[in-house]
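The structure is given below, and queries will be raised subsequently.
Labels A, B, C and D are assigned to the chains in the order they are written; within every chain, residues are numbered from 1.
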């Protein structure tokens, strides 16, 4: 079984991303599965440190991310400092020997806090705070270090391939480190070339040059830590990231109106939908026979207030409508979310949550918004909150969310996070047609008439009209109303309408299948159960492989809460809740609905995702009797 | 013991309010305590029905409001229909006999739903749907009905006092019904005159005419149901309503910057603070010696986003700052609430909650926003939520909220509601100086220097600077930051800053005294305890007088939640939660924090307050074993 | 405006089942009357015409009209309407709202709308106060004025809604006066017929709270542009635009007087719908988002493998 | 601007402890340089000067400056700054922000601010894109333009920020170009010295994402108003206002060219602070909200019984 963890680090905006994508795609082309997540600072350039950390394997998913990696490609001296503690014994690090002499404080763009801490460390160790010392330290931890003088090497290669400008040459650093890494992994250079071609896009000449660089560099590295023999994968695979998987999910789910205001880490979701416009169609539906592609409106609005209001209007018009945002944007959408509840309009809100509060850490992850998602919006109204655990689930959930918003005419919050948004993967293609698209048909009258959209129906669902098609004259309204949709404050009518709306919660609870509510992994008779939600899933599942006998309950539908199911799985068990926030929100939610208290909680709130090793640590400390475990690893 | 319930009903915008204030003030002038709450439709005029319902007594508070009243002053035929079921056996109703012939469907502005329902009722009773029938029905229920031909009477009086224009005469209807009511209550007409003078303000001539009307009408009513002998009250009393009590509380509490965007039922709170500008001061503080009055900024902003942002800016400048809104406005403030948490700025947000969701019922009450208040704002951050139970508490809590926001530098949500906002009372003056104003002093440097506002302090509190005075240069920021206030994403710093902020929650829990967290009433050894929060208090306390042996736990501090205290009071008890929402939110909150489940919940969500009779009904049904009791009375 | 229907309707046909609940004499009645008249004149299809409003006395208007409508939340009528219109450009979309709704809390969406030039109409029912919340100052209330609900004179100056709309990109600007129902109908009709984003400021007194800007106050100030035979607000050629804008602004800023009529009209600017067709999706008008079938027998109509072709390994 | 300090400071004295993190060549550096220069020239007190920003690359500026500052949330810098200034009018308050921050999400507060004419300054760092979120279209990006992060041409037209500000009531309007640091400093200085709400649009290219509106692009279009000796944007008498506004608008709307310099200046309009003193509280300037003692030995300074005298029975 192949399972290799890797890391690519370098100055932000200077090719780290390209290098990582090259590597991921190269390895993917060779028939492996791979994923990597991106960590970066919330400013554009200026030399802050950024990195990808991921996993390569011959099965999907290729296991969790631990606290250390096997292969580290460090593009500059700053990266050496940042990842000194991130490489495992027996692993290998690639770096630029020309940076040896640089000191810690010469890296102006390093967090000053980190500089001070590392400074302390070197002092304690009696070492000079230089890159060289850091490299020595890394070696002392049983790590093989492969250094090359990057600029010198590139200058030589440049001479061969006819590039001399230093600026141009510096652009080859990403290819250089990837080629070094590939050599170390025993990956034939032709796959690196595929990675190069994919990552660099359509610039032909540039691709050719980079390919030559790769070939030259490959010759310079003779060591090897692994041998990735090209293999034929079991299934067809796709390369995408979390933002894209969800975006495509919505498109598949029939969403044709997307309004948004840019915000990290959500923007790439609607922007992908925009880039892909118009979308290719299958020759199935009558109305589409004549067309090869269909359009959609993807609308950048002036703010988030407008984004969700526009989606609400589109939903009224009859389109499947969605918006995407993160915490600050969702806060601005709160008033309209409440309106969706009252007026009974279905909109999907993909919440790409990030580390808060406020602007917080715009490019770091956090699971801080669970209870907020559940209780957002003044007043009481039906709403759905679903959290996805991984890329595949996120894709399917996006389709389901589109179904539910349309069917129940309620706001649906699809809870994902920065971790998922920036996870890039080569993985098996989920079956794009396995989720049935459920689209209720509108009522169409034979001739024009006044209609009651808010009839007091038994299931609570409003009557569905398509304006301009239904021949219905009707009123949609945010005030409490009578069946005609006009304001009514009569106490009895108020109560009836309120109940009618809330009945939808029962309907939703009844109709959403169990596997969308919770998923249980591990032995049914486990006496200890880890409870979690969202993107901790992969890390917990990987940890579970080592924690034999432990169960894992993944919470998926967070509202309406599947209290009975959760009770069934947790009653009488020892529970450890693991999640990326301070107050252990899911444990609060579980207790609110079931009365069951967590035996222990393990939380992380330093802006970094929970790793597989975090999970193992949490479990160990749980077994030692700790009640509140704070996870702190920074990777 | 005097305890008289009353009701004044009539067409909105046509003097109901004036009549009610006249009556309240008249009775108050005679030495009684009195309160009345206003119910009205959410449009300005157009003839919708509005009414006051309240209580008169010789002690404060004069008991709860039942489902029926003793005295009903009905200004028009519409009111007769609306209040047919609201008058108790032995009570008395006043109405205009000239409306006898009017039919139900002639009242265009009645809710159509109500019309249909009443139509059914008359049909079943075999009665014509006329005012006369309604009056007959009222009589059949053991109610004395006193009718006068209002217009004819006024025409006659008008002739005497020299007013002939029908429009002018119609303006006397309020005085007419109050005078009738006063006569029935045996209240000497001079007190009505005081009520007239107070309610009509500075228009001298009008006051004189109305006094004459009162005197004339008094002569026409010979019946009497009660005799309100003028009495000397025990204490000095004040006439105010909920909006005003809270507004004055904030002023007393040192709030000098109030920004708001108009919204019912909150607007009268900031507008009162504006009207009272500048405020008279005691000759205490040095800087104020030369002045008789001090100013404050009361700023109407372009929207709620601006309202709370301006308050945040004012807080940074060093002013005690507040805003007031209701649900829709609070939703718009969510993003900035989160910023207050991160940037560590203290602002008081008075939430005058109303019936939702969305625009909902703008002028009706509801306790729908408890969980939303607790969890509002993305991310996790310290925040205080306190709910007041009555006018006196609301006044004190407003002062406390101002203290807390300033001291802890967190957002403080002061949760009150439409019911309280529109409760008008003549009541004992709360001691305006009993709550100590706690104002920490800013650090002032001897000379200009850079300063760390976000030092990692032990108690979590930020260092306090007063810009322009402290001689400190420092940065306030909404991003995660280092002590200097500059963005920092270092994992360790993130964790420390997060913990620093959250430590404030512990400090708050420790420092807020027990009586501000919960209040317990009734026998300590009660086996059944009613749990509630907010403005149900008076009604529950009144009901408790009849439910001997039952306890009542009033939840006050909702966040940080006083879990231990609540456990102490509820452990092992049979609990009935009573509140004005659908999902029994306080029971959810209690279970979330204590694991204790409600044995039963009694909820009301028809836009009307919970009455004393509702409480009695709820308790009775609770004892009969009902688990979920829906209260429905419309008064 | 995009279609014509056969059966000719009367204003009466556009009345909903319940009567208006405004104060007697309220200016908003005039706007309602004018709208009903225009709808009848244009014989608009009530099932394809959508009135969108926010919150306010003015925003109640849709409840008195027999067309499809959405009475949304305070300040958000415009983006709601834009979403609705863009999801189905075959609908006729008209926003109505007050000065508070459209230019205080909703002001930002005027800026957003102007940039798009969506083919829809905004009717501003301007009474310079917040009627529904009992008379506070609206964004068009002049500095220092103190209508009766205010305890102090207004410390805010008024903004100029038509100039804001012009600065944002609205391609049709007009003003009317609600007590002149006929003229208001005429102006609104032109606005609806305009291709692009149109705004009509209707001076619509609040008789209950604005005791200063009353019928008398307005009637001293208003005059009709139509009386000047040389007045031509239409941009006939893009080259004229600069001049026509300047002339419109001259009128809009004119001190102490209120010009009624069409101030500016430019149909040469492409509508958002036209831009979308040109730059995003040629089939947009034919089969817009709201009218697309998204599934066939429960299966998505999208060809996933083609959509993601460049990503499949 | 309200005071003068004794020790003369240099631009260097206004640098904070950490260096800027903008992309090399970013236009925002010019604004920063200009600001430091102005601060030194005016010898502003760093403990009494407050820079307020929202979110964006531009909004990071306060972290590079050694004055008190607040880096607030996206779009809300203006109301935050107004609250701050009104709570203590002795502070010198300057808002900096991007086109996205101030005119997309924050647009409504421009409208609100103009109506108040608070004595503060807004510096718009306009690059027509959203730098920080990676290059999406900003509200000032022209129709049909496609900078590199966009997958399709911009379907939105640009709004005119200065015209919006004028329509709202700003009493000082100016434009500059960030690579011309000296001129930018000159214009910003005048803005800060202006009594009332001032806005300066600084054209400040984003070298990373706006590959169309580059140095070359701007330099083809900009010209300085100062070169015309007859140009006088100052309103010397209220009667001139109408004319001066029209002339400013002529420049603001001018097609294809970008006039730099002061476009309009009117100090005859009372500031909000002056209005407040006149209409609300004569002691406001002397003892504003932030500087009032609210208690003495824990006791409120307010005389409750006098305050509520008319309500006590």
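Just so we're on the same page, a contact is a pair of C-beta atoms (placed from the backbone, for glycine too) under 8 Å apart; a residue touches a chain by one contact, two chains touch by 3 or more.
Keep in mind that what you see is a predicted model, and the values were worked out from it rather than measured.
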| item | value |
| --- | --- |
| Pair joined by more contacting C-beta pairs (B-C or A-C) | A-C |
| Reference subunit D; chain at largest CA-centroid distance | B |
| Rounded Å distance between subunit B and subunit C, as computed from the means of their C-alpha atoms | 37 |
| Between subunit B and subunit D, centroid-to-centroid distance (C-alpha), Å | 41 |
| Centroid distance [mean C-alpha coordinates] between subunit D and subunit C, Å | 31 |
| Junction residues of subunit C, two or more chains touched | 18, 55, 60, 73, 75, 104-105, 107-108, 111-112, 115, 139, 152, 156, 276, 280 |
| Where subunit B touches two or more other chains at once, by residue number | 42-43, 112, 277, 302-303, 305, 328, 335, 339, 343, 358-359, 478-479, 487 |
| Residues on subunit B engaged by subunit D in the complex (per definition of touch) | 28-29, 233, 236-240, 244, 248, 251-254, 256-257, 259, 276-282, 284-288, 291, 293-299, 301-303, 305-307, 309-321, 335-336, 339, 343, 399, 426, 429, 432-433, 436-439, 448, 450, 465-479, 484, 486-487 |
| Touch list for subunit C against partner subunit D, complex | 103-108, 111-112, 114-117, 139, 143-144, 152-153, 155-160, 163-164, 166-169, 241-242, 245-246, 249-250, 253-255, 269, 272, 275-276, 279-280 |
| Of subunit D, residues touching subunit A in the complex | 18-24, 55, 57, 60, 73-75, 104-105, 107, 130-134, 136-137, 139, 151-152, 156, 208 |
| Subunit B contact footprint on subunit A (complex, rising order) | 41-43, 111-114, 117, 305, 326-328, 330-332, 334-335, 337-339, 341-343, 353, 355-364, 366, 368-369, 371-372, 374-381, 478-480, 482, 487-495, 498, 502, 581-583, 588-589, 591-593, 595-597, 605-608, 630, 632, 634 |
| For the subunit B and subunit C complex, residues of the former touching the latter | 13, 42-48, 108-109, 112, 261-264, 267, 271, 274-275, 277, 300, 302-304, 328, 358-359 |
